[in-house]
Amino acid sequence: MPSEQEIISTLEKVTTATLTTLLLKKGLRNVWMRGTRPISPGYPRIVGKAFTLRFVPAREDLATPESWSKPSSTRAAIEAMPEGCICVADAMGVKDAGIFGDILCARMKKRGVAALITDGVVRDIAGVRGTKLPVWCQGAAAPPSVAGLTFVNWGEPIGCGGVAVFPDDWVVVDDDGAVLIPAAFIDEICSTAPEQERLEGWIMSEVENGHVLPGLYPPNAENKARYEKTKK
Amino acid sequence: MPSEQEIISTLEKVTTATLTTLLLKKGLRNVWMRGTRPISPGYPRIVGKAFTLRFVPAREDLATPESWSKPSSTRAAIEAMPEGCICVADAMGVKDAGIFGDILCARMKKRGVAALITDGVVRDIAGVRGTKLPVWCQGAAAPPSVAGLTFVNWGEPIGCGGVAVFPDDWVVVDDDGAVLIPAAFIDEICSTAPEQERLEGWIMSEVENGHVLPGLYPPNAENKARYEKTKK
Amino acid sequence: MPSEQEIISTLEKVTTATLTTLLLKKGLRNVWMRGTRPISPGYPRIVGKAFTLRFVPAREDLATPESWSKPSSTRAAIEAMPEGCICVADAMGVKDAGIFGDILCARMKKRGVAALITDGVVRDIAGVRGTKLPVWCQGAAAPPSVAGLTFVNWGEPIGCGGVAVFPDDWVVVDDDGAVLIPAAFIDEICSTAPEQERLEGWIMSEVENGHVLPGLYPPNAENKARYEKTKK
Amino acid sequence: MPSEQEIISTLEKVTTATLTTLLLKKGLRNVWMRGTRPISPGYPRIVGKAFTLRFVPAREDLATPESWSKPSSTRAAIEAMPEGCICVADAMGVKDAGIFGDILCARMKKRGVAALITDGVVRDIAGVRGTKLPVWCQGAAAPPSVAGLTFVNWGEPIGCGGVAVFPDDWVVVDDDGAVLIPAAFIDEICSTAPEQERLEGWIMSEVENGHVLPGLYPPNAENKARYEKTKK
Amino acid sequence: MPSEQEIISTLEKVTTATLTTLLLKKGLRNVWMRGTRPISPGYPRIVGKAFTLRFVPAREDLATPESWSKPSSTRAAIEAMPEGCICVADAMGVKDAGIFGDILCARMKKRGVAALITDGVVRDIAGVRGTKLPVWCQGAAAPPSVAGLTFVNWGEPIGCGGVAVFPDDWVVVDDDGAVLIPAAFIDEICSTAPEQERLEGWIMSEVENGHVLPGLYPPNAENKARYEKTKK
Amino acid sequence: MPSEQEIISTLEKVTTATLTTLLLKKGLRNVWMRGTRPISPGYPRIVGKAFTLRFVPAREDLATPESWSKPSSTRAAIEAMPEGCICVADAMGVKDAGIFGDILCARMKKRGVAALITDGVVRDIAGVRGTKLPVWCQGAAAPPSVAGLTFVNWGEPIGCGGVAVFPDDWVVVDDDGAVLIPAAFIDEICSTAPEQERLEGWIMSEVENGHVLPGLYPPNAENKARYEKTKK
């Protein structure tokens, strides 16, 4: 069983495209969080354990600027985030109220949060970019969270972009968006993913050499044998 | 402060249209649960306290027929429902997996649940209609809940049809769908709603007598005076 | 040029399906108002001139119960509706705020309005059905118009269900929904529609007699000749 | 291996809700055609082999009334439909152009087509209801198919309501909509479905007798034994 | 009461995120125009009075290239735009027809229009970028406006991205999109916004110094006092 | 009749905005493929004949990694693509499964495919960008095609972004997306497009000189005469 650090260093070298293929082979077709796009170019691939946030729709008596001072506010949630976690926020896909702006993202960055993922949007996107916190979301909206959302709690099972996320699960994000790896699958994925990446790298080099696709991708017996030879 | 039974008997005589108008005057514009339509004609207006259910998206390792035997299943939730409650289920608007079918609805009816409200759908709709449990939802779909949903818990804050619902809140349903009354507002609504209904009834009778709308609805000073006289 | 009464009595006998086919042959493909469904079964086909209403989105400073007393309110609009008109309301497809309830519809019925058409919804649908005003819309919602809409004006060009409607245009509604006939096309449609209906009736009777479709619908020369004989 | 007639008489007694549960247990979660609702109440459950139709979007040079006379028109497709088939039409979910009206449906009824299923809509819905052809679809629209669709071919693999349908597959429709059973699964489904229905019937009777759900649905060992006894 | 120039120079220094928070505190939750994104990076924040344009859906007899020569065309609208205005166009969210291309945008730039905002799209986006007119919209589409839209008028109340915009209102746009400030609120917003920005700047610097969020944002009495000291 | 090479070199100089205007004047309003955006900046305009691919929804028994080895797989389709073609893939607008990743795109580039157009998305977008194959689509998703799509065939009529595409048709793509030119219209478009571009260039230069729009765009008789003079 790999350590958390081994998981991270292993999966940082595996594309989310490869991970979804491996998870599909294990019967999991619904692990990619829809609407999670990087807000800046050039982020590295990031791997971490999910720290979940949950919102419900706004209600004028609950979703108020005053609610920001409550003990169970988003502010308290941020102070509970462990270093290295990936914050995954269930914003129910709401695109017209930003869950966080520059100040909250700056604090998350200070606390060592690895990334923020949401099926909603952020606000003050210029400021958020300035904090250098890596963010994957649906874009930006000026209004505060309370214009559309009521914060409920952290550390609960949530949905994000149509995917079930539980507090123990792992998340990998790159240019293709955020992929969930259920905690129960992490060991197996870590043990099979590097070999799959190596094989795909060999196939790519064959394509660059002019090889045709049928029989190569996926490889038939002959090509498998050729590939195996390259590993010696 | 009215008793629960007084609340029920008061609000059974008030349309959800009137209730939303009163709540809007208190600053609450987002209290109507979108997509909640009766599955059969002729239900009476129903009033009750919300008993909430929460689903997240399906994940093939969690959303299985086996999960139906778990301690925290929908089955256990139903056994926890108090008589007279209105069950409000957050199905995230999913329309291609039925949250409940005839067997679960029959048990809810047996337990005295007043109504089932969801922003999702039911399955085996012919059987569900047969149980006589009043249901407001988006329609029917054949697949089981686990084809699209993972059940999480009951008794939590949820969203339903874009409205925040907390376990203490009140719900009223009629042909216009389901309206939420936050627990903190129930007394005031109970004290103002009957008079508003009486006024609207008088306005309607005036319209039937051929009265023009401007000055009547809402009434100007003259018409208010005429209305007040009718109350003596 | 037919009189308004002749237009009405002619088109009352022509299905909206036939009218859209004729308009398509004139180059008009976008004349059916999406989302316009009857709220009660059994309405007759209704024909009338469009009286337009226009809403924009709600803004809390404008869309208030107080606005109902303004000179340019929906109330004033109703008093301006001529007998026999078809009221067509641009609600921008908003489905969570009812444009009108029972009182306004009762007044429209009193004034002799032929029908209400909207791409939005009505409220207090039980009461609206009780007024006997024929209504085509997307269904019902409890909240008042001001929860989602700001009324602007009447008698302007509008969009309704994705169709441009100008005050001079004609509207025909039946179980298939509402179809617009631009004022400039009404004479030609009135002169060609009855013959098209007659032909389709003959084709239907041929199908009932077991005739195959190719060559019959549309008819080839031989079948056209057979049909022409039936007219003598 | 059951005959086609045995398949039909077996599955006519099994709800689509039960069929989707059985198919999910075989790994098939996506077999229910979204948007397929009956246009009239009271249809019996219908079982048949899929006869597929395919449309692509309308293009003004192709989608014309003249195209109705072409050899590969919808008219020719109807004449190719075998008795007892269920016609499944891929209308890409288009809701503003009716794929068929009363004349085409009347001919389908004449030819013994068992039902018409589409993720689109029909037109002249009053006339279509009059033909007595059972139809499951998204509702009605007045415009002809060519206002939004170009007919391509019949007998091809299609998508309908988000489900892949191949010409050899089976379809079952009831009040919950249309469910696909891939040809390769039909024997197994036929052999397991009746027992599942019997078990669910017994569970329902237990619920009516006041039995609690946990341990009953699905049944634990004790309840399974009780159920088995009832079969002797 | 500030002059127009003072309004502009004040609000150019205030983020739309701050403005929406201030407006929400005044009871206005719906002031951010959905779908308004900059088409090029690096625009400054822009402030101006709204000049409105209104479109309805395309109808083939009205939405023609010939309509571009009419007196009430988009061409005439552009010639009526005052220097420094922000043009806000209600395209009903249509994304498959560009409201304007390079030529019209070039003319707007020449006339000194400050920015173009729409919930629709532009066409010839490379050319539009070349004109240097700042544009916020949903992206680009090749087809001309008349493929999907009929121009109606300028200077009317409109909806844009779900927000009501009246000719007298103010608009501020930055990377978070376009925010409406109703004319009646502009003085108060101008008087409170700079202080709110100053406070947020101080909070941000505190976060950068490692301060925790609860009690800081929003500030409790102690932190408020600390902040007040910094202002002396 | 121009040769294929002449068509290409002619249309490479004509914007898709101009092409859609010309096609609209011929009665074709629906030729722009919705959702086709370049995945990298700076592509040149590309012209080619359509090579079509067709997908239907995923079914777990068909859409498997094993299917990639079938004779009618996407791999075989790629080997059938002629040099210079534009591959147009009907992904039914599915955005949560990438139709192709880096390996397939690398092979297409090797084979001389001019561009890939789809109403779906690609996966491993960083890798796809690396192949230098020009791609227009809706963005990126990590999951493999089989997570959401079943490949059916190539060389068939398809829909892409709401547009009918037949194997003989021409496609032009630039920053405004992909436009279809039906094969039957290509000669006429080639003969009229260059003059239209020249005219628009002249109008643009007039605008830059400060000319007002009415009478200029489109040009009235006087301006047409001025323009004609410039051509001598």
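Chains here go by letter, A, B, C, D, E and F, matching the order in which they are written, and residues are numbered from 1 within each.
Please note the rule applied: contacts are C-beta pairs under 8 Å (C-beta built on N, C-alpha and C of every residue); 3 or more make two chains touch, one makes a residue touch a chain.
None of the values given here were measured: they were computed from a predicted structure.
Novice: Can you list every chain that touches subunit D and also touches subunit E?
Specialist: Of all the chains present, those in contact with both subunit D and subunit E are C, F.
Novice: Using the contact definition stated above, find the chains touching both subunit B and subunit C.
Specialist: Touching subunit B and subunit C alike, sorted by label: D.
Novice: If you average the Cα atoms per chain, which one ends up farthest from subunit A?
Specialist: Centroid comparison gives C as the farthest chain from subunit A.
Novice: On Cα atoms, by how many degrees is subunit C rotated relative to subunit E, nearest 5?
Specialist: Superposing the C-alpha atoms of subunit C on subunit E needs a rotation of 180 degrees.
Novice: Please indicate which chain is farthest from subunit E, where distance is taken between mean Cα coordinates of the chains.
Specialist: Of all chains, D has its centre farthest from that of subunit E.
Novice: If over half the contact pairs have to be identical by residue number, which pair among C-E, D-F or B-D is the repeat of B-C?
Specialist: The pair repeating the interface of B-C is B-D.
Novice: Rounded to the nearest whole Å, what is the centre-to-centre distance of subunit A and subunit F, using the mean of the C-alpha atoms as each centre?
Specialist: Computed from C-alpha means, the inter-chain centre distance equals 32 Å.
Novice: Averaged over CA atoms, how far is the centre of subunit A from the centre of subunit B? Could you give it in whole Å?
Specialist: 36
Novice: Using Cα averages as centroids, what's the distance between subunit A and subunit C in whole Å?
Specialist: Each chain reduced to its C-alpha mean, subunit A and subunit C end up 49 Å apart.
Novice: Any chance you could list the residues of subunit E touching two or more other chains?
Specialist: 27, 29-31, 58, 60, 162
Novice: Of all possible chain pairs, which ones touch?
Specialist: A-B, A-E, A-F, B-C, B-D, C-D, C-E, D-F, E-F
Novice: Under the touch definition given earlier, write down the residues of subunit B that touch subunit D in their complex.
Specialist: Residues of subunit B touching subunit D: 58, 60, 65, 68-69, 73, 75-76, 78-79, 95-96, 98, 101-104, 106-107, 110, 123-127, 139-144, 146-148.
Novice: Using the touch rule from the top, collect the residues of subunit E that touch subunit C in their complex.
Specialist: 27-31, 56-63, 92, 150, 152-153, 156-159, 162-165, 182, 184-185
Novice: Under the stated contact criterion, what part of subunit C meets subunit D in this complex?
Specialist: Interface residues on subunit C, with respect to subunit D: 15-17, 19-21, 24-25, 29-32, 34, 37, 162, 174-177, 179, 200, 203-204, 207-208, 210, 212-214, 217-218, 220.
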